[in-house]
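Below is one structure, written out as structure tokens; the observations come after it.
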Amino acid sequence: MLLLNSDLGESYGSWHMGNDASVMPHIDQANIACGYHGGDPLVMRKTLTMAKDNNVMPGAHPAYPDLVGFGRRSMDCSSDEITAFVTYQVAAIDGMAKSLGIELAYVKPHGALYNDMMARAEVRAPIMQAIAGYHRPLRLMLQSTPQADAHRAEATALGIELWFEAFADRCYDDDGKLLSRSKPGAVHSREKMLAQVEQICKYGTVTSVNGNTLNLTPDTLCVHGDNEEGIAAIVEIRNIIHGNTR
Amino acid sequence: MLLLNSDLGESYGSWHMGNDASVMPHIDQANIACGYHGGDPLVMRKTLTMAKDNNVMPGAHPAYPDLVGFGRRSMDCSSDEITAFVTYQVAAIDGMAKSLGIELAYVKPHGALYNDMMARAEVRAPIMQAIAGYHRPLRLMLQSTPQADAHRAEATALGIELWFEAFADRCYDDDGKLLSRSKPGAVHSREKMLAQVEQICKYGTVTSVNGNTLNLTPDTLCVHGDNEEGIAAIVEIRNIIHGNTR
Amino acid sequence: MLLLNSDLGESYGSWHMGNDASVMPHIDQANIACGYHGGDPLVMRKTLTMAKDNNVMPGAHPAYPDLVGFGRRSMDCSSDEITAFVTYQVAAIDGMAKSLGIELAYVKPHGALYNDMMARAEVRAPIMQAIAGYHRPLRLMLQSTPQADAHRAEATALGIELWFEAFADRCYDDDGKLLSRSKPGAVHSREKMLAQVEQICKYGTVTSVNGNTLNLTPDTLCVHGDNEEGIAAIVEIRNIIHGNTR
Amino acid sequence: MLLLNSDLGESYGSWHMGNDASVMPHIDQANIACGYHGGDPLVMRKTLTMAKDNNVMPGAHPAYPDLVGFGRRSMDCSSDEITAFVTYQVAAIDGMAKSLGIELAYVKPHGALYNDMMARAEVRAPIMQAIAGYHRPLRLMLQSTPQADAHRAEATALGIELWFEAFADRCYDDDGKLLSRSKPGAVHSREKMLAQVEQICKYGTVTSVNGNTLNLTPDTLCVHGDNEEGIAAIVEIRNIIHGNTR
């Protein structure tokens, strides 16, 4: 059954972001910021505790070291740097989670690090190496694309496992990439979003911006709860998933 | 037998600090910076690897979040903040160490956090709670003073164990505190330093600035290798310790 | 006539804080964050532009270097450090303001730096020296207390001028300090707040928590616009001031 | 007459970098870090004071916001962000310089920001706009290349003036770019460096890695004083320049 994941714990110090308390009850996997783009230690502890209370699986959401840019700006880091700072962030949240009695399950890179991972093997490799070199197994979550088999081969070579995610509310281009937000139709209306979820659940496909059918068999769907409407949509998405698996 | 500990891994990015490679072969315990006052993830990995290669026990050296002040400025943080950021730093280096095949053994706070821990129960408590709440046992290293029994009682109440350290090259006042560096005679000449080590080894005491004898039964001695002379002194200290335990 | 000042420009990167656009039309002086506790360069430029458009006098709001603590934690900095980082922040916003065609008028320290300035001469002195040493005259804004004459003497000795501020919504103790927020009655109801403003305007006094009358002849009132109610209160405060000066 | 410029003031907090005191007496222009890749406010003040004492012209050396990467990693920032953070850094050091009685003369971007400026018009434009929009005229220092006329046209359109710099110790490729440091022969021996300086002084040319002659008529030469040898070389370079202009 398709899981739901969401980016949480992105507040920082006195700055508040997101509706974590409203989103947490409706998701399966929480991608939790680890301090490099948001999420100071107090916020991390609070978010992990909330995940525990809601029986949500915690994941690390490591980022480039760029607080003012919220990890959304690509940075030209070396492989060694990437492996080291991903390990640092993963270890920090892993130890905090374990101390709260829960187990970190996976790693989903954030923002520009995620985009660079999808676009360039030189960024993907050191992220995979960080996970492969970690002292216990963790999965890597990345985008479900037509290159999924190649990505799985890279992971298998390093002995790690993957989870693939799709996006409920975003339109795909013919290559299986998300249409850039600057383009018309990039973000689906609610109706289209629900139809896309239904199609993923029933057929394991999405229809691209040009009407082509793309095979996507994601393990998890990324959802956002920016406002009440968004949270209501998460509930509807959940219902569609349940309706298609019973 | 008295162990030797030293603060290492305090470089940061392009800035180099210390002579880690020269000091590491001569010590037993490496207090390794965890990113808050120095020690970016690459430096941490390099320092941990060096500890492993030299069979040195790694310890976390967490600090206040103050890079520009090198963690040397007292910050008025809440108990919750202290517990959370100590846990974060400890978890980060613990996971990195384990991924390199070694085990983090203890926590020694750095700079102003160390001084505040020794001076104020309100800072000592959240540090002890961070360790008590950690998912596996770690020792806390703090200064050997006439209050050692009280500190041990605090630790026992939380179920954690302590290591006490003394300083080879610093003059003590009558209360067992280090004489402020701004005072004459605060830092010992090499001769006085070696005599102080000898006295600690033989009798478990130091002589204060006013000639009083203080009972100190430290587990470990803090040493510095800032230059060739300092490193030579570490070797001599080691010889004194060996000479007094055979 | 009593002016109104407010702390603005405290967003940072992707994190939003405050209702600057709603507050700006109703105040005379904007205390603008300079990057150390909030206010990245884009936020600074936007806030200065808003001040210009509303004909509001811009002031620097420098802080301790503590983003995660929002400048609210006292830090044990040396005099030299304080003078240098206040100058840095003031210079940064001064040059940005001038490039937008407006003139920075004053400096009001933020958070813990403000509190430490009021409490300790060793913090007040380097702040005053930063302003005295600046290449053009700027006023220092500090709290109006029974020590105002002593503060004015310190400033005069350095050749700088002061603006004194009072707080509309805070209860004073008998020494002219703000009652700690942790105490009951520390923050006035709206009714009491408006009465306090009226008393300041008419008599230049406030009534302390114990019923004593304190002489306060402030130049400016600090107001907050955290929500719609707060902004409505600023308008009422403004009306009281106008009603008492016509 | 050809001037000499050098990157200085790159220490940060407790971390020391460079031999500023040894280099300063031998150069004409000091490119001073402004806090984003190095250079905290105390270091900035000290470096500006040293420039003043040695009658050296101070310049701003702004960088991407990347302390741990020392500003050496390209960051994908928007035009607005670049203009804003360059203005912030320039304003900060300008106000500090003026308060010490000296005048900031120019802006030379640091590290990756410099490289991106030379490679991409989209980075060059917002840097030039920051300077064009500054409240008083400042020059922009950039690399002397075969595209110098095009760069001058861009600058003239915005009403700003340029200084072109060449590199004494670096080998040029046929396009007038510096040969990548990873390639053999990228950094000249001392003999070749002195010959290159002589050629620049006499003929306004350099010989590329493939033996082609490139026209370069720089205003200033970038030199480094990383060790005693480097500082001796600066003195020799100075002598060559003097010998060729008398």
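Letters are used for the chains, namely A, B, C and D, taken in the order the chains are written, and counting of residues starts over at 1 for each.
Following the convention adopted for this analysis, a contact is a pair of C-beta atoms (placed from the backbone, for glycine too) under 8 Å apart; a residue touches a chain by one contact, two chains touch by 3 or more.
Every value quoted in this text rests on a predicted model; they were computed, and no experiment measured them.
Novice: Going by the touch criterion stated earlier, list every chain that contacts chain B and also contacts chain D.
Specialist: A, C
Novice: In how few steps can one go from chain A to chain C if every step must land on a touching chain?
Specialist: When the steps are counted carefully, the minimum from chain A to chain C is 1.
Novice: So which of C-D, A-B or A-C matches B-D, with over half of the contact pairs the same residue numbers?
Specialist: Comparing residue numbers across C-D, A-B or A-C, the repeat of B-D turns out to be A-C.
Novice: So how far apart, in whole Å, are chain A and chain D when each is placed at the average of its C-alpha atoms?
Specialist: 42
Novice: If you look at chain D, which of its residues touch at least two other chains?
Specialist: In chain D, residues 40, 68-69, 81 touch at least two other chains, as defined above.
Novice: For chain D, which residues count as touching chain A in their complex?
Specialist: Of all residues in chain D, those touching chain A are 65-66, 68-69, 73-77, 81, 112.
Novice: Under the definition above, what is the set of chain A residues touching chain C in their complex?
Specialist: Touch residues, chain A against chain C: 11-17, 38, 40, 67-70, 72.
Novice: What residues on chain B touch chain A, complex-wise?
Specialist: Residue positions touching the partner: 35, 40-42, 44-45, 80-81, 84-85, 87-96, 98-99, 133-135.
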